[in-house]
Structure formats: C-alpha cells, structure tokens
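Several structures are given next for inspection.
You will see two complexes here that share chain A, one where it goes with chain B and one where it goes with chain C.
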Partner chain A sequence: MAFVKSEKTPDRPAPLSERSVTGWMRKNLFNSWFNSILTVGTLLLIYFIVKGIWDWGFADATFMAENRRECFDNSLTGACWAGVIDWLDNIFYGRYPRDQIWRIHYGGLMLVLWMAPLWMERVKGKVLIAAGVVVFYPFLSGYLFAGGDKGVFMQLMVTGAVVALIANTANMITGLLKQESLKGFLLRVSGQTIAPDKTQRNILLAITGCAFAAAFIWQMNWRVDAVPWTKWGGLFLTMVISGIGIASSLPGGIILALGRRSKLTVIRVLCVSFIEVFRSVPLITVLFMATTMFPLFMDEGFVLNKLTQVIIAVVLFNACYMAETVRAGLQAIPKGQYEGAHTIGLGYWRMMGLVIMPQALKHMIPNIVGSFIGLLKDTTLVSIIGLFDILGMLRSISKDVPWLGLHKEPLIFGAMLFFILCFLMSKYSRYLEVKLSAGNRH
Partner chain B sequence: MKQVSLIAAFAALTTSAFAGAGTAAAESTLDIVKERGHLRCQVGSPSAGYYNLDSDGNWYGLDVSVCQAVAAAIFGDKSKLEIQSVSSQARFTALANGESDLLSRTATWTLTRDSQLGIDFLAPNFYDGQGFTVRKDSGITSAMELQGAKVCVTTGTTTELNLTDYSRANKLNISNVTFEDFNVRDDTYLNGGCDAVTGDKSSMAGNIAAFPVPADHIILPETLSKEPLSSAVRHGDNQWSDIVRWSIFALINAEELGITQANVDDMLANSPVPSVRRMLGAEGNLHEGLGLKSDWAYNIIKAVGNYGEIYEAYMGHGKQGIGIDRAGTLNALWTDGGLMFSPPMR
Partner chain C sequence: MSSTVSQTGAVRVRPKEKFDFFNDARVRSAFYQLLTAGVFAWLVWYLVSNTAHNLEVRGMNTGFGFINNSAGFDTDFKLIDYTPGVGTYGRIFLIGALNTLFISALAIVFSSIFGFFVGVLRLSSNWLVSKVALAFVEIFRNTPLLIQIVFWYIGVFSLLPMVKQTLDLSLGAEMLLLNNRGLYLATPVAGDLFWLTPLALAVAAAGVVLLRRKARKLQEHTGQQSKTLLPSIALLVLLPGAAFFFTDMPLTWDVPTLQGFNFVGGTSVPPAFLALLVSLSIYHSAQIAEAVRAGVLSVNKGQTEAALSIGLKPGRVMSMVIIPQAMPAIVPPLISQWMNTVKNSSLAIAIGYSDVVSLFMQTALNQAGYAVEMVGMTMAFYMVISLSISGLLNIYNKRVQLVER
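Then we have the complex of A and B:
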C-alpha cells in the first residue's frame, strides 16, 4: 500500500490572495475597474474631509486670544476656539454668580452620591433609594441652587432630604462592607435583631426622629445667598429642565397610559383628550402659550416664574409622548400575563406593578431612552423664548463685542457636547437592554 | 407675523380692559416697582451694541444703560434691576401684560405700534436707518448701481419689505436672498453668495468691523428707511412714562451741560450754572412731579454717565464698543447737527 501516505500532509497556508492585505484589498476593493474608481474616489473624499477638519479645527486654529481680531491676525482660515474657551463659564453655568458655582458642583456630586448605590450589587433597598432621590433630591438641590430664605415647608423638606441622604449613604457603606441594609445594621448594633417587630420599629423610629431633629436644627443655620432663576443658564439650566422632565415624564406617562386603558369612562376620556391635545401641538407653541398667553389670563401684574412655566410645559408635553410609548409596551404584553396575574390573586395595582409594567417597560427601553434623548435636545427650544440655556449662550457669543460674528465654533462645540451626552445615554440603554433580557434570550 | 400681531392686539385689548376697570384702585407702576424692590426691564436676545452678555454673564450695551439709568433714578442703585430677555415676537405682549415695566430694546417707533398695541413710545435713544454693504472691489459706490444684484437680507422684519419697496421704486430688479440668522447672512455674503447685504447701518458697521478684512467692505451712502429706536412703556400710566422719558432726556441733557460720570460730584458741589444745579437737584423742585427723590438725575449720571459717554462705550470706540463714528450722524447732539435733543429741564 505504498500509494497511501502514512502521515498527514502538513496544512498549506491559504493562497497569498486570501491572507495578505493586498490580496484582501484586491478581492474587496479593486475587483473590477468600476470598484477601483469608487475606492480611489472614496479615499480621496475621506482624505479631503479629514484634512479640511484637521486644518480648520486644529492646525490653523487659535486657542489663545483676547478677541476675534487676534484670531484673524493669527489665521484667516482656522477656527477661533479662544472665544468658546473665554465663554466656557457662561456655556456651562450661565449667568450664575461666579463665586457661587461650587453650589452647582455640590448639587451634581450630591446626585451622584445619592444614585450611586443603585448600580452597586451589594447594596440593598434599591426601590427606597430611587424613591428618596425622586422625592427629596429636588428640594435639597432646589434650595442649594436657588438659595434665599426657607419657608416652613422648605425647611421640613430640606431636613427630610438631609436625613434621607445620610441614611442613603450609610446604607451604601453598610451594604458595601457587610452586605446588609442600614436597618439590619442598626438593629444588630443595638442588639435587637430578634426583638419583636414593634420594638424594632420603635427603635428605628427613635433613631430617625433624633436624626430629623438634629438635621432640622442644623439646617436652621444653613443659608445660602439667593440666586434668582434669571441667572441660571447654560448647560446647567438645560440639565435642570431636562432632568426634571426625564424624572417626571416617565411616572406621568405611566399614569396617563394606565388612564387611557382604564375601564372608567371619565378617566379614559380625560386622559385621551389630554394626550391628544398636547401631542398634536408643537412644543414651541406649548412654550409660547405657557410664557406669553398664560399671564394674560391672570391678574394684571401677576408673574409666575417663567422657568416654572417652562418646566411644567416640558413635563406635560413629554408625559404625553411617554404615555403612548408605555401604552405600546402594554399592548405587547400577551393577555395570558394578565390572566395569570389574576389567577394567583393579584389586584389591579399589584398586577401592574409586579407583572405587567416590568415586562412592558423592559420591551420599551429603546423607545423610552429615545424619548429622553429627544427631550434633552428639545429643551434647547427654550432659548427662543428668552431663556439662556446652552443654545442661548452659544448663540450669544457671536454678539459679544470681542467675539462679534463668532458663530460656527460655538455651535460645533455645542454639537459635540450634545453628541457626547446623547451617545452616552444611548450606550447605557443598550447595556440595560442586554442586562435585563439576559435571562430570556430566545 | 399676522398671527403675532393678532396676539399682541388681543393682549393690548385685555390689558386695557383691566386697566380701564381698575385704574382708580390699581397701584401706579412706580409704586409696584418700588414695592418689588427692583425694575423689570425688557431687552431682546443679545444684539451687539444694544444689549449683550460678556463672558462673565453681565449685560452691557446702550439699551442696558437706559435700563440702569431708570433703576438709578428710582432706587439710586443701578443694580436694582432685572434684565428680561424676550423674543421679538413676544416683546409687546410681555410689556402689555405687565411682565415688563419698561421696554428698552431696538424697537422702531411707528404709528401702528404706538396707537394699537396698548403701549407708548417715549424717546428715541438711537436713530438708525437701513443701508447696503458691498465689497469695495465691486466698484459700486451708490445703491442705484445695484441693478439686478443679489442682496442678502434677514427675513421676518421690515428690512425685507423695505428692500423690496426700494427695488420697485427705483426699478433696480434686486433679487432677495433671505436668511433667518444674520451670522449666516454675513457668511453667505463673505463667501460670494450675494453682491450686497442690507440691514440697519449701525449693526452692519459693527458686523463689518468683525469681518476678516474690514477694509474690503463699504456701506453705501443711501438710507432706505428711518428707524428711531425708542423705549416704550404700557399705555395709561403717565407718571411712569414721564419718569422713563425724563431719565433718557437727563442723559442727553447732561451731555449738553458737560456733566460726566467723573465730574458729577464736583458739578453738584461747585457748579454755579443754574441749569446744572437745577438738574442735579441742588436747587429747585424738578423731582416733585416725577415722584422721585431730588437727586434722581445725579444718581443717573453717577451710575451710567451721560449719553455721549454711553455711546462711546458701546456704540463708539470704547473697549466694548462696536466702533461707529458719531460725528455727523443723527445720533450727534443737536448742537453738533444731530437729532439728540432734550427739552429744557426746568
């Protein structure tokens, strides 16, 4: 059997045309004369675009100058980033007093500190944390940003917020260190782990009460200067409006969506007409109505804070869009889920809260985040009614005498900023989607 | 635009109805402002020379100075002021519905606005007029040579209408290239998209100064329209309109009398000239009819300077000025052949 080889023939490498770069290029980019022309043409196009951007934005650009004339003296063809750099404070904080900007930073840090536990696996009580953020954070940060004298209600809410923030942080620490909740930790330390429920509750109430009293006394002496809303602006204002919009449009949307599917005629008709009226009107019209027409219906001289009017308009408008998104999610849930929930004896609210909503919202994550991104970008419309949000600030640079006419660079800077924000949001939604659907991939 | 003016007219009707019903009982604007503790003064979205933000977020400009002057006249403190930036569509409504106490922005005083919107125009603080900018190398020296030219113009204002009228009246056959934003209008012109730009001469002068090579462009001598830019208040409170009107006249009168921000203290203490002494409150009782304190005019000049100083700072060649020469224009003092004239303060 000499014609049978006794050992395996060694693998020969693939032909050169299949494995080398030139081979790949020949096969994919230059496999016909037409494709060759396309390839060369496209490469040239990319080259010119990249070179143009590079030359304008970096090579010929001016980063340090006192005014636009100096930029021109440096280069007539390059960008003048010096104006944007000079205006960075305005772009980020608006007209907020420069020596008070730390308050905006603290407000942001507080939000991070408050919400960080939501992403920590070891920390318990996520629902309470989220509720705490939604209920208390607006008051604490609201006072921090606006300042001035506190009314009784504000004093109570600020106190509550301080207690909630401290408890939240303590809960995070015990969670990270011992993987137990703050409640469990307090009971263990006081040696009441096996005490009856009533004793436990009294102990926790006593601790909360003491903390509340201490915080109340502390906050009576805590006062920051008043900063009128007219001084709020820039990215800060955009974040305030869209943050409130995002935080309240989802709950609002859920309520409206449930109302629209309600069996009670009055509620259904109310919800449907509300949704349809707000959805069929452009946002800018709603904003104009809120800011110019609304005062006409009020007493002469009556002025409601314009920012409040704008925020209310944005929230109502987006809740209506969100309602339709949520409703779409609800429609997608098979009837069997409802029936199953009923079978095991769940009432309406628990059925919705425990069975239907979690599934519906999970399906709708891309749409919900899409709405949020839209909301963030839509808030720039407020610049038209005279609020200096980030777009308003960016457009004002071209009217400041040292930077007169400088309008391309600020807008490009703004576009980059928005791209980063929106891209992060969409990336996060993608991650959330994958994470939440990990269990039931088909 | 029709819709907007309808809204404005509606606003005017409603407010005048309110005002008519409750004039006797209602507080005067001065009392409301004093009670509130600050003046609400309306400007527009930033416009170079008139009202703009600096990089620290402070308002400055010719019209802002008028706001500050009125605040200083009432409170003796120019910072007791809230500048409201209102879109041009909502400007007269915001004044008529009581949101603003005073409108100090580039609004042209016209008969329709004065008589139909429930507002009163008081005194011009700047005289503007529409004109053309062309490239110097085009060889054009008169608007009559713009035969068949493409002209860049911003839309939605009377500027466009004036251009069309002018073209028809002089058989120039001009084609309009319209823009929403005047930065884009200027860019198009600079890139050769049109032969000329039309707009208010003052703002064009400022824009040209910011072009890459200002010397390449000239403003043609013809003026298409007259634009007396004037402050306005709500119709019906005469004391309030007197206060604002005479605050502006005080700026002009101070220039005529040679009172400046720097020498106002000296003038008050040492000047023997009766008209200076009367104006600054050293003698006489000019303030009584206005319901202000006797040093109201002194406070104005101390806070913002006289009209000439303000012009030089923001319209002229000051550090924050857009560089428009004043001599020989309508904005010169009447003694120099301009239109800036204050009735006598006595």
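Then we have the complex of A and C:
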C-alpha cells in the first residue's frame, strides 16, 4: 500500500485579509492610527484639489464663446477654454499658411510611415532604417515644410529620401508578409539567391540606380510654395527644433563621449573643455550667444536665419549633455568587453560599434530618454529670444483683442500637452528598458 | 634580433619587424593629434579674426573699460546700494550676480527640504500618500519649467489683490504683507547690546554640541543612553532668551506701512522674485524627491530587516542605518540638482527678475553694447559657480569613499 497522494492537493485560497478589498485597505491605508489620520487627511486634500479643478476647469468652464466677455457673462469663476479652442490652429501650426497645413500633416505621416517598421518584430534591418530616418528625413521634410526652389544638392537629397522611403516601405511590406528583407526578396524574385556576391551587388545597385533616376525625374516637377521660417510656429516649430535636436544630439554625444575617453591627449582635452563649457552655462546664455554673437563670428555678409542659429545652439548644448550620459554608460562596461573585442581582432571603430556601444546605450536608455524629455521641455526657451514656438503662441493669446488678458488657460493647456508627451516618453523608456534587459536577467 | 630556439634545436631568426610608417600606432596618434590641433587653431584664428573685423566694421566698442562707466538704468531688486547714473556697469554685474546667487540659494534650501519630504512620502507604506507624492513628482517633472515660471508669475502672483486690499499673512500683525506688488516683510532693527543675544545663542549651540558628544561617548563606552533632546532645547531657548530679556529687549520692528500708493519700510521682494522662487523650489523638489527615493531604494532590504531584528525602532532604522548608507547615492544627484537650480534661475529673464542674465546680459548689453565682453563675463560667472559646486561634489565623493573603505 502506498500512502502517497496521486494528485496535487488543491491550493488553499489566500486568507481573506490578503485578497479582500477591506484587507488590502487595512494593510495599505489603515495599518496604524497615524496612517489612518494620514489617509483621511490625504483623501480630504484630494477631494478639495479635484473638486477645485473640476469646478474651475469643467463644471463652470466656458467652451464656446466669441470673446472673453462672453466667458465672463457665462461664469466668472470658471475657465475660459473658448480662447484656447479658438486658437487651437495657431497653437499647433503657428502662422503657417492655412491652405498649406497639409504639408505639415504629410511630413508627420511620412515620419510615422518611415519609423513604424522599427516597432515591427518581423521587419529586418532596424539600424539601417533608423540611419535612413536620421540622414534623409530632414531633407525631405525640410523641403516639404520650407518649399521654394530646390538647389541641385537639395534635389539629390530629396531624391535619395524618396528612394529610401520607398525602399523602407517595401522592406516593411516584405518583412510583414514573408518575413524577409527587401534585399532577399529582390534577389529571390530575380532568381539570384545563390549568385556570387558581386553579381548580387550589381543587381541591387542597378535597381537602386533605376529607382534613383525615376525618382529624380519624378521630383523635378514637384513644386510647393515657399513658406518663410518666420511663419513657422506653435507645436510644429517646437517639434522641428526638438526633433532635430534629438536626432543629432545622440550621434554628437557619442562622438564627444568617445573623444573624452580617447587616448589622444589633444582630442581628449578639446572634448573635455567643450563639454564642460557647455554644461556649466545655462541654455539661455547659449541661445543669446547664438543669436547675438554668431553673426560676429562669421565672415562679413554671411547671414544665417535665427531659426538655424537657434537649432545649432540647441544641438551643441544637448550633444554635450548626451555626451555625459553616454560616457556614464561606457564607464559601466567592464574592461573584459574591451579586451575580448581586441582579442578577436576588432579595431577601434568595430569594437565600439559592435561590442561596446550597443551595451552602453542599452544601459543608459532611461537616461537617454530623460535627456530627450529635457530637450523637449527646454525647447520652450526659444520663445524668450523671440521665436513663436508653442509657448510663444500660448502667451500671445492674451494679447489677441478678443481674448485680452487670458493667461492661465493657455498655459495650463500647454502644460497638459507637454505632460502627455513627456509622460508617454518616460513610460515607454521604462518599458523598453525592461524589454531589452530581458536577456540580462538571471 | 631576437631569436628563439625551437624544439628541434635549430636556431630560427625572427625577421626584424619592419617599421611601417603608415601603420605605426605612435605615428598615427601623433598625426591625428596634430591634425586636430591644427584644425582647432585654424578655427580659433578664423573666428577671432572674423569677430575683430566685424566689430571694427560695425564700429562696436571693445575692451573692458565699460566696467567703470556709469549705467543709467535702475533695477527693482538689489541687495547692494546702487544709484542710477552714478553706479557703474561693474556694480550692475555685481547686483545681477548677487541676485542670481540669492534666489538660487533660497531655492536650493527650500527645494532640498521639500524634496526630501516628498521623497519620504513617496516611500511611505501608506498607498494613498505614496501615490499622491508620485502624482506631484510626475506632474512637475514632466512640464517645462518655463511654463511653470510664467504660470506662477502671471497666473498667481500678478492676480493677487491690489495694494488697497493687501493680504496680511501674519494675521493682523502687519509683519508679512502680500499684494500684487510683492511681499513686504517687517525687518528687525537691532538696538544697543543686541549683539549679546546672538552671542548667547552661539554659546548655547556650542553647549549643545558638547552635550551630545558627551552623551555619544557615554553610549559608545557603556551602552547607556542619556536623554539630550530636552536639555538641548532648554539650553537653546533659555540662554538667548535670558540674554535678550536682561538687555531690555533691544529689538524693534521696521514695519511696512501704507504711504500714498505704496508700502514704505521693511523689506520687500517683487512678485517676479516670488514666482521664480516658488517655481524653482517646486520643480527641483520633484527632481530631488526622485533622487532621494532612488537613493533609499538602493540600500539593500536586508539592512532594514537586520536593523529591525536587532530591535531598533523604525525611526532609528531610518536615521542610523538607511540614511547613512543612502547618502552616498543621494548626494551626487542632489548636488547636480543644485547646479541645475543655479542655471535655471536664468529663466528669470522671462518674467523680469533682475538676475545676472536679464540685468547684465540683456539690459546692460542693450544699453552699452559690449556684446562679446558681457556674454563672456556672464558665462564665466556661471562657469565659476558650477566648477566650484562640482569641486564640492568631488571633495564629498572622496570623503565618502574614505569612510567606506
């Protein structure tokens, strides 16, 4: 006879105090008399704050009105959102010509189309996609937003961007359908899968060349009106400045960080002083320097518009902050990784690109995204030197005759907008961190 | 040159390493460094010559002589004496620098205290409290500081009652008055023999230090704990109090009083100052709260459990076990937040508080137009400040490391 159970005893349910709502409350809210007082006090505080916000921002608020007087007629204690709603277009697009706004939308859609494959599991060649966005997208969108005549260089870059975008989209489609790269697909269709490397390369080059030529001819008769940068504004301008800042501060930061850890004394000293100078002064002084002193630095007669000056300042400033973040990541990589890479015969750039940087950047994802968030928030400073970015637009609502003196609501609206953007970014970085570190967990 | 004897006994001569000029590491490094130095030197020369040329063409003044020129404008907030038309640009720079340092110092103190408080709330075992603290931190960290500053200035401090309906925060004593022109404080004016009271306070403080040291020694030697809290408080209150009382209370208040359209007397700070102080304190306290939380969480949980198991009370666990170990993780981000506070105080320019950027780099620059010198001086000021703060951090890091190992 065996006194061994042949089946598992069913799990006993957790005690009631662990799984019931009251049990949870007793444990987390009322576990001592002090905590009970605290809980009640906090509840009261929340009640008053939420009620205040609700009454002011919603219950007593005016959403539809012609001007501020009507808001006051409706309610004296509530918010006047009508002003914000009336200015919504200005807040988003600035003074961009209203019949041209589709260009901004197209630009945004193109970016989404271009970057979407980065989030698809089945699509291959993510690094190439990201590089394509950083290199080509600025030219395509730059032309789309600014318009006007294209120089030869601009024509070539726009063509390159069109080819890259089409290839990117085709790559996404083949990836989604067949889970193979565009290169593999083209070779398979042309029946050259097992051909020597050289033949394959020639075929691909020929296809790219044809596409390039076709695209070049195609883009020749594109013509969009010129929109001077002074008409750019609102959230759009904020996105342009911070987008360029984000896209170029990471490469710049990596270069500066490598320079700072370089064995070559001259390069190291230069990088350290560059980084430290920019990190020790406030952004506003750098912006002032860019706008007041940049014209002095350049050749006589060389004129650069204010927007470009501001963008240069933002990029340099943020590259220096990014450099410190990247450096912290590099310092966290154990020496063995460098030695291992050397042992298998990798040179400096291959070692950095294939072994060190991927690990260092992965380590620092939350900090890198933190820097991006900081950049996005700091972009509002350009309103101080007279660009009409989102904050500039929000503040000019109060100078518009129908909405004279409407200060609070626009600012709160702007704050909410930034909160949503920044909060989502930081949450996503946490998610990414967890996802990418899955392989490291023991 | 070098030769090895192989196992068969034959002597094999290793071929002499050829000196490959293009692939030699030292040659390459020298080449790259020379190249960089050359490019850099050319860049500096290019910029300097351009600037010199442009300044000449535009007929702009150069040199630091302007520092002794008198400035013709006034500022609404200054910590040192200055008369427009008489005071020099050097003095204007000094006023701006002091204003920056003054508001940064206050904001640093407030944000550190409040940040620690919120950080502790974040770690509270009370679910509701920790979530409220989380909401506070997320809201103020994820919105631009500039929007917050402008909001506090326009949305709060400019909407305060007018001078006629001044709010009295001291409940009728007229010591602390708030209206849309700023905050008015009654200032103590010291009379004869008042110096005895601070002296007594210093003596009392020294006494408290001695008392605590003695109690600590006693505990370390014998394990006996002695109560120091009550005697300390008594010492700190009674001694200066007695000194103050026996010198016939030599202290009067300079109370702000309404004369005509404004308050006269006492000390006053403009609304821009208040707005900047409040927004900097809140914004940075949210950042500091996160640093505090991360620091405390970096201490191993076993430390808490061990401390509890040897019978320490929760409060003592915090003060004797957790905090000392968390400090090395908290202090570096804390100090970098202090540095950010100093730098962010430059946003004063958006609301017109006379800090060094808005007073010197904008107003004075527009008046006198020594762009290169003025921007350079302002940047140098910030560099000196942040280098000293990071020097402070390095000293602290060294000390912590020495204590630890």
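Everything below uses one rule, namely that the second predicted complex is superposed on the first by the 392 of 442 C-alpha atoms of A that agree within 3 Å, B and C clash if a C-alpha of one lies under 4 Å from a C-alpha of the other, contacts with A are read in each partner's own complex, and residues count from 1 in each chain.
Criterion: contacts are C-beta pairs under 8 Å (C-beta built on N, C-alpha and C of every residue); 3 or more make two chains touch, one makes a residue touch a chain.
These figures come from a predicted structure and were not determined experimentally.
Undergrad: Based on the superposition on chain A, does the combination of chain B and chain C result in a clash or a fit?
TA: clash
Undergrad: On the A-aligned overlay, A:F288 touches which partner chain: chain B = first, chain C = second, or both, or neither?
TA: Both partners.
Undergrad: So in the superposed three-chain picture, is A:T42 touching just chain B, just chain C, both, or none of them (first/second/both/neither)?
TA: Second partner only, chain C.
Undergrad: Quick one: classify A:G386 as touching chain B (first), chain C (second), both or neither.
TA: A:G386 contacts chain B only, not chain C.
Undergrad: For A:R68 in the superposed arrangement: first (chain B), second (chain C), both or neither?
TA: A:R68 contacts chain B only, not chain C.
Undergrad: Between chain B (first) and chain C (second), which does A:I412 come into contact with in this model arrangement: first, second, both, or neither?
TA: Second partner only, chain C.
Undergrad: Answer with first, second, both or neither: which of chain B and chain C does A:L296 touch in the superposed model?
TA: Both partners, chain B and chain C.
Undergrad: State whether A:R395 touches chain B only (first), chain C only (second), both chains, or neither.
TA: In the superposition, A:R395 touches chain B and chain C alike.
Undergrad: Of the two partner chains, chain B (first) and chain C (second), which one does A:Y96 touch, if any: first, second, both, or neither?
TA: A:Y96: touches chain B, not chain C.
Undergrad: Give one of first, second, both or neither to describe whether A:K263 is in contact with chain B, with chain C, with both, or with none.
TA: After superposing on A, A:K263 lies in contact with chain C but is clear of chain B.
Undergrad: Where on chain A do the contacts with chain B and the contacts with chain C coincide?
TA: On chain A, the residues that contact chain B in one structure and chain C in the other are 288, 292-293, 295-296, 299-300, 383-384, 395, 398, 407-408.
Undergrad: Give every residue of chain B touching chain A within the complex, in rising order.
TA: 7, 10-11, 14-15, 18-19, 22, 26, 32, 45-49, 52-58, 82-87, 89-90, 93-94, 97-99, 181, 183-184, 186-187, 206-207, 209-213, 320-322
Undergrad: Per the contact definition, I'd like the list of chain A residues that touch chain B in the complex.
TA: Of all residues in chain A, those touching chain B are 68-69, 72, 76, 86-87, 89-90, 94-96, 98, 228, 230-231, 233, 288, 291-293, 295-296, 299-303, 383-386, 388, 392-393, 395-396, 398-402, 404-405, 407-408.
Undergrad: Chain A touches which residues of chain C in the complex?
TA: Touching chain A from chain C are residues 29, 32-34, 36-37, 40, 47, 50-51, 53-55, 57, 124-129, 132, 138-139, 141-148, 150-151, 154-155, 343-344, 346-347, 349-350, 357, 361-362, 365, 371-372, 375, 378-379, 382-383, 385-387.
Undergrad: With touch defined as at the start, can you tell me which chain A residues reach chain C in the complex?
TA: 28-29, 31, 35, 38-39, 42-43, 45-46, 263-267, 270, 277, 279-285, 288-289, 292-293, 295-300, 373, 377-378, 380-381, 383-384, 391, 394-395, 398, 407-408, 411-412, 414-415, 418-419, 422-423, 426
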